[in-house]
Amino acid sequence: MVTAGNALDNEQVSIPAYVSVTTDPISVTDLVRHVSTTHAGAVVTFSGDVRDNDHGRDVLSLEYEAHPTAQTILEKVVSQVAAKFEVEAVAVAHRHGPIAIGDAALVVCVSARHRGPAFDACSALVDEVKAQIPIWKHQVFADGTDEWVNCA
Amino acid sequence: MVTAGNALDNEQVSIPAYVSVTTDPISVTDLVRHVSTTHAGAVVTFSGDVRDNDHGRDVLSLEYEAHPTAQTILEKVVSQVAAKFEVEAVAVAHRHGPIAIGDAALVVCVSARHRGPAFDACSALVDEVKAQIPIWKHQVFADGTDEWVNCA
Amino acid sequence: MAVTVRLFAAARSAAGMREVQLEGATVRDVLDALQVTSPAVARVLPQCSYLLNEVACRDHSASVADGDVLDVLPPFAGGAH
Amino acid sequence: MAVTVRLFAAARSAAGMREVQLEGATVRDVLDALQVTSPAVARVLPQCSYLLNEVACRDHSASVADGDVLDVLPPFAGGAH
């Protein structure tokens, strides 16, 4: 559980959060279980899966590299973002290491009483996690070239 | 597969859609499998679960009743809404009959190349399906009273 | 004309019956006959929508034929959310 | 001051090394020394951010101490999406 202190209004906000940076395959079912409660009416889940193409080029294989601080930073980002929404619980997992095409690299799962906050929080978490987590993506293309995504 | 014809501009749009009105428990894993493709980078899933309370009253048990046209109408709504978004595939299941607290009554799953359309389409599908599907919800409360939701 | 009226959800609960055969020349006639047969259902009808042979029917002056099926649909579970 | 510089992702690929010990009194000194040691990394550095002992470091005039660790971080995978 990650406890988020909202610095703006000195109000303590604590949304139960499961956060994982892992080389293991991500189980969406497990993450959903982490956020399930009998009084949460809505669960919204995002799964960011590895594609077989990027900008029209066929991707043969890819690998994510994580900085040693990735888990700590992910916990901080998740608790800060979750605290802004009326949600019951959140679960976020980011995978690193080699990943097979079609496997999930990032999964975000949010439960809430109502679906509006569940959708909003899930979408905001995906945006902020992707922007802030120190993880890099290395793609090898079918034509033999390779690239670190976002690095010219 | 449901094929949607867009009457407004005579353009034929066909988004692969799995649609089910069922008394069986809904498997989110199965629905996700229905929308998965190796070139869809984002999968967004909504699960509307049965809550143990409503407007502050404890819910003991509940049951959904479906009109015989529910499957046909769901197919129509899903294909119309899906055609408005840049998505790869959608899967929608609505359960009826008795449902245990915590089980899913409605699950909507959308895959897309990019996460924006996946979130938008999933949210729009939930709104339109809930508004248009001829299904009723009967709740029995802990205090012995019961109600048909939305009927005074 | 003999029309089969099918009652769903809150309409069925209020009327205490699932289905009834009623006479009339129009949808309005049949609904009037329904309220005579089951005064309790009158409370629910203002919120209801109707299907004639499973097609939406908003015009209550529409004619009905022998064997037609008129469905009485209370507001759907998700309609107001 | 002897500082350990750790290179990640595209910076490591460009430099062809994962870690190097360099001398300097400030972050800027150490980065200048890095570009002398590995001219190939110079192309990547303008896009990079830095951590000094795993804390974000934007002020390149900051002093470094013996044993400090300076991490070179290229843009993250999700940063531009």
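Read from first to last, the chains carry the letters A, B, C and D; within each, the first residue is number 1.
The rule is simple: contacts are C-beta pairs under 8 Å (C-beta built on N, C-alpha and C of every residue); 3 or more make two chains touch, one makes a residue touch a chain.
Keep in mind that what you see is a predicted model, and the values were worked out from it rather than measured.
Chains that touch both subunit A and subunit D: there are none.
The fewest steps needed to get from subunit B to subunit D, moving only between touching chains, is 2. Averaged C-alpha coordinates put the centre of subunit B at 27 Å from the centre of subunit C. Averaged C-alpha coordinates give centres for subunit A and subunit B that are 24 Å from one another. Rounded to whole angstrom, the centroid-to-centroid distance between subunit A and subunit C, based on C-alpha atoms, equals 50 Å.
Spacing of subunit C relative to subunit D, judged by their CA centroids, is 76 angstrom. Chain pairs that touch one another: A-B, A-D, B-C.
Across the interface of their complex, subunit A is touched by residues 8-10, 13, 44, 47, 51, 54, 71, 73-81 of subunit D.
Across the complex, subunit A meets subunit B through its residues 28-29, 32, 36, 38-53, 101-102, 113, 115, 118-119, 122-123, 126. Note for the complex: subunit A touches subunit D at residues 64-65, 67-69, 106, 129-138, 148-152.
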